[in-house]
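Structures incoming, each one as structure tokens.
After this come two complexes, each holding chain A, first together with chain B and then together with chain C.
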Partner chain A sequence: MIEIAGYELRLDRLYDPATHMWVQLQEGCRARIGLDPLSSETSGDVVALSLVEPGTIVAQGESVGDLEAAKFVGPLVSPVTGTVDEVNRDVLLEPALLNRDPATNWLVTVALDPSTRHELDAFLSGAEQLRPWFTVEVDRFRTQGAIAE
Partner chain B sequence: MTTTLPMADATPAVRQDSPDWVRISYASAIALRFRSGRFSREFKFGGINLLLSYDSGCLSDCGYCGLARNRPGEYDDKSFIRVEWPLVRTDEFIDRLVRYEDRLTRLCISMVTHGRAYPDTLELTERITSKVRAPLSLLVAPPTLNEERLRSLKAAGADMIGIGMDAVTEDLFASLRTNVPQGGLKWDQYWETVAFARDIYGPWHVNCHTLVGLGENDAQLMDIFGRLLNREVFSYLFCFNPEPDSRLGDRPKTPIERWRRIQLAKFLLEERGLDPAAFRFDDDGMLSRIRAPRALIDEVVADGYAFMTNGCPSSGGEPGCTRPMGSWRPTESPRDYPWRPTAEDQAAVREQLDLEALIEPGPGPTRPAHLCAPPAAGRFAPNPEV
Partner chain C sequence: MTRWRLLIDDSADAATGLATDEALMLPYGRTARSEYAATLRLYSYRSHAALVGRFQSLDGEIDLAVAARHGIDVGRRPTGGGAIVMGEDQLGVAVATRAPAASTPRALLARYADGIIAGLATLGIAAESAGKNDLQVGGRKIAGLGLHVDERGALLFHASVLADLNVDLMLDVLKIPGAKLADKPAERVQQRITTVAEQLGRPVPVSEVRAAVAAGFRSALGVELQPDEPSADECDRRDSLVRDRYAKDAWTQQRTHLRDAHGTALLKTPEGLARIYVATHGATIKSAFVTGDFNTLPDELVALEAQLRWTPATPSAVTAAVHDTVDDDALGVSPNVLAAAVWEATERALGVAGGAHPVRPSGSCYFPDGDARPAIRSTTSTNEAELV
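This part shows the complex of A and B:
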């Protein structure tokens, strides 16, 4: 784990800079996905969540659900292409878990489409890649006023 | 994330009451960076709302209110207008008002019914207006006030007074606010406060909150709009949105079609001077027709202001208190727009209004312009969003 600008990022996963989602590869060409800590924090207090049903085929950039916070609503954009094979019922029942611990509380697991494995190449991992990207992003959200002082 | 915020302790050893502590709306908490978060849509927001806070809570028991005395739960855990109102230290709050002053459009202190509400509101008004130039409104609790106190609040720097009438008929007011377990609020006292405030603060410096969806009909709403208009008092429209666990928690939210029609009719009456006889009601008192030139209606819909939040103005005369998502969830179509409606918004509004069924040809405005509610500065400028 590393800390960048006050945020903890786990190093056992990849991060998609386009969607601010993390991707953790699992056995059997599967990937678990969740919100990175900046996405979680700048959404505000999450009050409701919807996720697609297992079996849903999603392409990279398509929604796997919607997140509703106190003053914000937005789609949960899949960073990968595949078939959703598991949904985290715990976060559906208690959406605030996404604010409390976004690294542990995943959203869905996707069986990756082998023909689109190249999507993973654009993701970032390791301290050397994560630090410059995440530092800039924190500054950007801070400038927008989305981060508390 | 381990940022330490100057906010209330989870388990305070001492009371965190006003005037040393205040609650602020969630949107205000984001704007002043007490809380992280974003709005679904980017727009300029500077209408800061604060609420007095006491360990013993509000002593009223209004059937629809999240702060009602008999609503289940500890006062600290109660929501107001359905969302949490973070508790913040007043000193830090005022420091942040100063720091972000360039983006503030309007400030408002909401009183609650409590023995300390008046002295604390007076102190907060003095402390805020001595440091910040943004105009300050007070949403007052009539049981705590009299004429002299209203004068003192004006002398302290408040420029507008709001009265939360909410229920628009005496019977409805009594059923929701007077004849309830810990009620006792008095319709006549509320109107007396309106009269005192109107005398002291002057025309168009007083407003009454009117809630759509508590059980009134449209004719009753239009009647109160007209009476307030004649007294040069603003009526600010609010959409009923059930507060979970309140006595009206199971009452359905006002349908958006009805809400839009009321927004349009109110605007036509108040700001475009349409004669009250132009509004036709069915046997249940619900608005069925508006007789008006179609060009007038199209202009009002395109202008967009009729569908924006009713709130006190900024010092420049634009809408200052915009309460984003105060009566709608981020997933819903906005009830009152905190921004100037875009072309997409307008299309939705038109569909919700069903103008073909609502409008029939009729005469134009009859009320002289100088007797209409004053349009805010710049209101007749072309809508830049369209």
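This part shows the complex of A and C:
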């Protein structure tokens, strides 16, 4: 784990700079996905969320659910293509877990489509890649009040 | 000058009104193009439509039997927040545009709220942003705001502006914990809500508010508004959204995984007995309502109710809300005592402490306070939501 500007990033996973989601590869060509710590913070207090049902096929960039923070409702965008095979009922029952511990509290697990494995190539991993990217993102958030769309 | 499109319509039913808003997002996704920077729709619903927020429980918020008796449409918005009743006296405001990268939801809400504030100002009404996402006049709500972004990066800003309001009907249709039990409930609600008609002291048609809000967007956002009609593509999209989403029970009756509940606490004060109602949605306070023996609810408590809405149901958040809004002498009790009572009601709603509670003579682990603790009694009820 490394700490960047007060945020903890675990090194056992990949990070998608486009969606600010983390992707943790699992056995059997599966990936667990969740919010990175900056995404969690910028969402504000999560009031409620929905997730698609297991068996739903999602393409990279499509929504695997929605979250509500105050009166803002926005999509939870999948960083990968595949079939959702598991959803985390714990976060559905207690959405605030996404604020308290976004690294542990995953959203869904996706059985990856083998033909789209190249999507993982654009993700970042390891301290050497994560530190410059996340430093810039945190700086952008603190100066502009926004992160990548 | 930036060009926006202006759409005007009236008498929408619930499903069509909501579907039209979402259809207007069509030209603003990442891969779509529109000749206009944004679309502003100023419209009204056919009297009446009761609309719940994206994740609310329909029968937890709306008395469906009463709605059916009055012939009231029901629907579910794509935006968050609480239940509302819309009709010919409420102006719907929708802005569809591309979600800008360098902005936060909070900033976007403020930006579009400025158009409404400027519009109300042309009528001589000084509204300001308050609470989580409200516009208020003198501490009373006159408009509610919401925001939705879809996966294509299109944004929808929603607002409802009260030209006028049938409070009795609202109380009949919406399940507002505590409101109906208050002495003179309509008067109690009117302490928290105002309308353009009340502010101006005369009947005000929604068309007059619409013209004012359009002028407000022109001046506050510096845009030119080009009157237009929905395109054929948008109409097709609207029709498919009505058919596949907004008129379907699968959307309207959707259940969330979160439990709705409410709890109450009694607070004995030098001003009289106050009853505090807190309604929770999961681990969030969705509403708070204070009633009591006093003739008029102090403004600070009205502000507290607004501050508590959509606040995390935690002792620290409750304490912060109380200290942000209430001075030392509200109701003659200290903020810590008031916070303790609000938390007691919240705690019961959460079911943390179970059902019946003994009166605790003093002290609370969350609110260490030298003040004598008021006697507190409470009740709890829940509306357990089913799993999707």
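Operating definition for what follows: the second predicted complex is superposed on the first by the 143 of 149 C-alpha atoms of A that agree within 3 Å, B and C clash if a C-alpha of one lies under 4 Å from a C-alpha of the other, contacts with A are read in each partner's own complex, and residues count from 1 in each chain.
The rule we apply is simple: a contact is a pair of C-beta atoms (placed from the backbone, for glycine too) under 8 Å apart; a residue touches a chain by one contact, two chains touch by 3 or more.
Small disclaimer: the values here were computed from a predicted structure and weren't measured.
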Item to complete: Quick one: classify A:D66 as touching chain B (first), chain C (second), both or neither.
Response: both
Discussion item. Applying the document's definition of touch, where does A:G6 land relative to chain B and chain C: first, second, both, or neither?
Written reply: first
Worksheet item: Which partner does A:E41 contact after superposing on A: first (chain B), second (chain C), both, neither?
Response: first
Worksheet item: Between chain B (first) and chain C (second), which does A:P17 come into contact with in this model arrangement: first, second, both, or neither?
Response: neither
Worksheet item: In the superposed model, does chain B or chain C contact more residues of chain A?
Response: C
Worksheet item: After lining up the shared chain so the two structures overlap, which partner does A:G74 touch, if you call chain B first and chain C second: first, second, both or neither?
Response: both
Worksheet item: Across the two complexes, what residues of chain A are contacted by chain B and by chain C?
Response: 42, 44-45, 48, 66, 68-74, 144-146, 148-149
Worksheet item: Considering the complex alone, what residue numbers of chain A touch chain C?
Response: 42, 44-45, 47-50, 53, 61-63, 66, 68-75, 77, 89, 92-96, 144-146, 148-149
Worksheet item: Within the complex, which stretch of chain A touches chain B?
Response: 6-8, 37, 41-45, 48, 66, 68-74, 144-149
Worksheet item: Inside the complex, what are the residues of chain B that reach chain A?
Response: 1-3, 5, 26-27, 30-31, 33-40, 83-84, 324-325, 329-331
Practice prompt. Please name which positions on chain C make contact with chain A in the complex.
Written response: 53-55, 78-81, 99-107, 109, 132-133, 145-151, 153, 256-258, 281-284, 310-312, 388
